[in-house]
């Protein structure tokens, strides 16, 4: 296996994740958002699997499987059902328009590249490129969380952020505990999803229940 | 022996001021009357008044306290001490160094303090008015006086009156703007402090603008006598002070002997007469002002004093 | 010597236990105050011994391995601290004795007992401290304990407000001093005063430290415009504590300033004196003007403390100015004047506060408009209070006059200064000093006249009872001391010799050997003052005429109704009131200094309601400084408060913003 | 050294075991005592650790820096368990907590102790991250334990913000590993503190910088630095008071400990960005912000939570300034703040039980109605406001004075923040502790021992620090460097 191929494929997959992140930002319907996220997770699973292959680290396959099964299938399906069950708005409510959001996202990508650039290239070009993409995915995930008002899209944002973390972790050659961390994160996300379901968060992250809680937020005014 | 002699001279000074004070008041009254075209009382009338008052029964208000009864004596004593500390016919008396010019000003302040308190003791509205206005006037007159003291002391390099008088007699004085300003200021202060026209009118009662008389309204008999004597002494004090500072000629020096002392006493008498005349002239030619014009009047004195002082500081450096 | 002092201080702190034990322990009040009196007496003796022995001897030093770990706590008694120990413990002793009687009237004595000895201990510790940490620790401990004393009577909202303002100002002052010491100690942390003295700061640094010292020690002392807390806090405390705070704690603040400005900072620049002088002048005149306008007896006294602090600072400023020009002798005069006034003020201000406490106990009133005629019901208190009034008004032959006289003498020597600004400033300050002295007399004619003279303005005042023997004893002793210091000032000026020697390198000539105990600061030809002779003269001239008249004229006296120009009224309300007494002065200075506004509400003819007259006075420091600051903080706090009510998404936006910002910093940094 | 290793394991095993046992046991008295007992054993083990220090292993490490915090953590853990015993009894009595939740509460308490011990002991940056995440999740669950709307919302907010923080910290951790790998090779070695520190000078500075930004923000969220603080006040206010005490007193410290460790890495690398200015800025922003926020608080626990933000800001500032004095002050402040703030929360817990409210406006005259409690609270606030002779005065003295000589402007900003905070604290204290007592006022059956033990220690430390402790702190201050 040539080094060039390994580089190109992982580059392609990481770039694919950034693209998927932008697609997430572009969506304005809940269900299509869920589908795009499944795609996001799928690309991640592929990327992780490719890293497992390249680094000859079989335990990474486990991570890939988790990503595929949990994030690409279980979570989207579960969220889909929650949306239906709780009667959540299918329309995504944005804070600023999609256009500016995407422009801002571009800026974030540029920023990630700018901060990664000074990293010495002799370290590991693979890691370096991966890192820039992972950082972009993380920042875009955060952007997703803050630019949408719906709880579901915020969860999706958080998960895409976390996908970026896994991408970075797998890109770091020989990093221990990657599997454990991805498991831990999956549990975290499960908590969030369960939380949304239990506390019946319909519209926003902000309140646990509609109505009474709106006035609260810490101290009654 | 020298000590006893010195003590005698000092005693003579005390007696002299005490004896001359009512006369000065009488002379001023007489001259004022003459200037106004009246015959006027004899210059000895104040002596008779005082003697009469001391022999009369004192009437005290029911709620008069011990302070009311002691204050006249205290006031009299303080002004008397202050007056005897000012060189009259001779400089360098034995106790002259026990209080300098600043202390003399402060002694007058003490006297005023107790008099003002006595004015409030009975709890009448007139007493309060008098005390309040007296203190207001004093609050401005005293700093003005101190500024003048400063000016004079800086010129002479001392706050000791004897030294100052000796210096003023000497050749180093010259004509100075500062001293002229100080003289004007001192006259203004003297007028205000002695409750003379235009600040106050010593001859009137039952006028809402009165100051000093309102304060002592409740006094009678021997207490009133002490207060009257103290007022007379105070007038004498200011005249002697002005004479000592700005017309120190004729004064005997320390331990100069009886002849010099007698000459000094004569000169002193002349100065008092002159001062009394000027005062009477001034008083007859001016009208009484409203009480709330007084601060402005005294403000002028304060400004003059300060101006003189600053000029002095500045010219000294040139 | 330091060990004994330390033990006495420890005793004081332990005495605080009487507070919580009050109720379980019989006589807790007496034990606490008697113990405090004993301890302060020991400390007083220590101070005196140190001061007398300070002439040629090296200062006593000691260090303990407490406080900052690698530094330890350093203590030292030199002439300066010994002198202030005398002042502080004299006041403390008097207050403790007074407290034995006064404490019985306390509503919640535990709250006072617990902190009163600690307050005394704190002040003594400040004087002994010889490193920045120990100094500030004691300083702030002093603030802390006095704050608790101010809020001892905590059920009155006014007291709480006073305590709050006090504590915040005290803390501001401590921080200022902390910064100052930080600058002096340098980044390596040479906090010992020994180290600081050795490493003289450059002129720029010294200037900053001086400013901070003025801010820190000045706020504690009550320099205008940092005085705002003082008239609130001092009256709020129980009266013997008011006496301590006003008479003694402000002196500890002066000590702090002297220690920094004269001892630690090295040789002064020429303009230091100017700044201190001008501040002192403003403080003196503003203090007394505000005092004149007060109708609350204790608040009047508190404002008057501000004036006296101004006088002390004028003395210190003169000393600094002269020292900068190398006139050590005159500097010693200015310093001695300031420091003597420290002692004097502590004596008469304590006395006056004790008197006001006695009045408070007897009538339950602090409002002068409801008092009057107390001289009949409380003759001894009245006499002592009168002595205090006369002394604070700088009347000869009492002590207040001596220190002001010395200050004037120092001012009169100022043509020796070469600098122009100083030449203009010094006479102006002299005028201000003269003005404030005269106004002080007015102020205390009002205080004594309204409270003790005239007829009672309320039933409480009419039913007043004389104070008990402890209170009277304490007041009597202070009054006697006022006379003693006024009559033999030479003794005390001599005591100050080692102090000025230490600080400006020169001292006034020995005074005690002079004939008739005269005070001659510079030369006899220049100026001299003899309180003793003056007292004798006055006594003679008072007694002799009185005797003569009684003997040879008449001593007949008749009591009758008051005359009042023929229109007497029996209603005490017709008397001159405190407000009307101050009215002429208010008209002269009112609009300028107090923003005074008079509102007259006169009913139309035929209406039956009463006419109303209301005067609105403002303290400019509040208007121009404190209120805006408070409003500013409140406004910012209100603005920021929205951040408590954001949605989670917005909080996330903040996180995101911080992240992006930091990343951009990183990108730019390369 | 087997003995020392055993102790080290015990420090983790005891809370873990206790947690599993407590999760099963019913009954208030037994569980509360067991909880205390376990905390006591942990404390004893921690104290033993100071004598017998184990050799650093692959996963665990005991050195000068963390031993201080371990002892502190276990001590406060123990005293809080004692406080919790009397606090929870009252909560059960009034029915705010049910026995089922009690089991959960005690188990979670021990899990939290386990997680914090693990975070402090970890010799592996990944392990530390896991431990802090665990601690966060545990506290999230505890904050929401009352199941009121407010509590749930606070927990939710904490959870979401904490999760994002955790994610950022993980990214930073990965970056550190990436920076270390070229030098130290793959595997666990490249994540162990022992190795990282000595080799840090050869790491890629750009990667380290990037890592630090993420770590500062990630763990900074846990520290409660503004503007990442939002979860903190609500979590403190709505959870059970013992948890507020542990949160403020310990968890914030643990998170700050993590930041400090990474700061040391950066300091050791010549090419990397100086971490000081970043920390100084965040510290100042936090202190200033929190000081202003103190003014408008109406809930007493939330107010003291903001005060914690302020103090974390001060500590971060101190460490950011660096140098032996400021570092010493920072460490001292950490210890003193833990003790004081938890003591305050003990007092506040009893107060809110006695008055039946946490609203400041409804509490007044405490020193009269509940003298011991009231004066305890006054002492606590006096201590936290930095007045002598209490410990925080010493640390603030050192921070302010040493930084003014170096960076006058920064010191002035800090002083302003301190002063503004001071004003707010005493404004509220006056209302709470003094004045006419109003409202309901039940006698409290409280154990004051933990509160006064803490305050006693703080008071003693303000006057005298034992030589051992000083030597310790100075060592660590030296380690932390500029």
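As written, the chain order gives the labels A, B, C and D, with residue 1 at the start of each chain.
FYI, a residue touches a chain if its C-beta (ideal position, glycine included) is under 8 Å from a C-beta of that chain, and two chains touch if they have at least 3 such contacts.
This structure is a prediction, so every number in the text was calculated from the model and none was measured.
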Pair with more cross-chain C-beta pairs in contact, given B-C and C-D: B-C
Most remote chain, CA-based centroid, reference being chain B: A
Interchain centroid distance [CA atoms averaged], chain B/chain D, Å: 78
Centre distance in Å when chain B and chain C are each reduced to the mean of their C-alpha atoms: 35
Length of the line joining the C-alpha centres of chain C and chain D, rounded to whole Å: 44
CA centroid of chain A to CA centroid of chain B, Å: 99
Overlap residues in chain C, where contacts from two or more other chains coincide: 644, 646, 648, 652, 655, 659, 663, 666, 670
Two or more partner chains touched - positions in chain B: none
Contacts with 2+ other chains: residues of chain D: 156, 160, 164, 206, 210, 233
Chain contact topology (line, ring, star, complete or other): other
Those chain pairs that satisfy the touch definition: A-C, A-D, B-C, C-D
Partner chain C, residues of chain D touching it in the complex: 156-157, 160-161, 164-165, 168, 206, 209-210, 213-214, 216-217, 221, 227-228, 230-231, 233, 273, 278, 289, 292-296, 323, 325, 365, 367-368, 382, 385, 387-389, 393-394, 397-398, 400-406, 408, 411-412, 415, 418-420, 422-424, 426-427, 430-431, 434-436, 462-465, 467, 470, 474
Interfacial residue positions of chain A with respect to chain D in the complex: 115-116, 118-120, 123-124, 127, 131, 134-135, 138, 142, 145, 158, 161-162, 164-165, 168-169, 172-177, 180-181, 184-185, 188, 191-192, 195, 199, 205, 207-209, 212-213, 216-220
Partner chain B, residues of chain C touching it in the complex: 372-373, 375-376, 379, 382, 386, 390, 393-396, 401, 405, 408-409, 411-412, 414-415, 418, 420, 423-424, 426-428, 430-431, 434-435, 437-439, 441-442, 444-446, 448-450, 453-455, 516, 518, 524-530, 533-534, 537-543, 545-546, 549, 553-554, 556-565, 568, 572, 574-577, 580-585, 587-588
Chain D-facing residues of chain C, complex: 65-70, 132-133, 136-138, 140-141, 143-144, 151, 154-155, 157, 160, 163-164, 167-168, 171-172, 175, 178-179, 181-183, 185-189, 191, 633-634, 636-638, 640-641, 643-644, 646, 648, 651-652, 654-655, 657-659, 662-663, 666, 669-670
Chain C-facing residues of chain B, complex: 54-67, 70, 73-74, 76-78, 80-81, 95, 97-100, 102-103, 106-107, 109-110, 112-113, 116-117, 119-129, 131-133, 135-136, 138-143, 146-147, 150, 153-154, 157-160, 163, 205-206, 217-218, 221-222, 225-226, 291-292, 295, 302, 305-306, 309-310, 312-314, 316-317
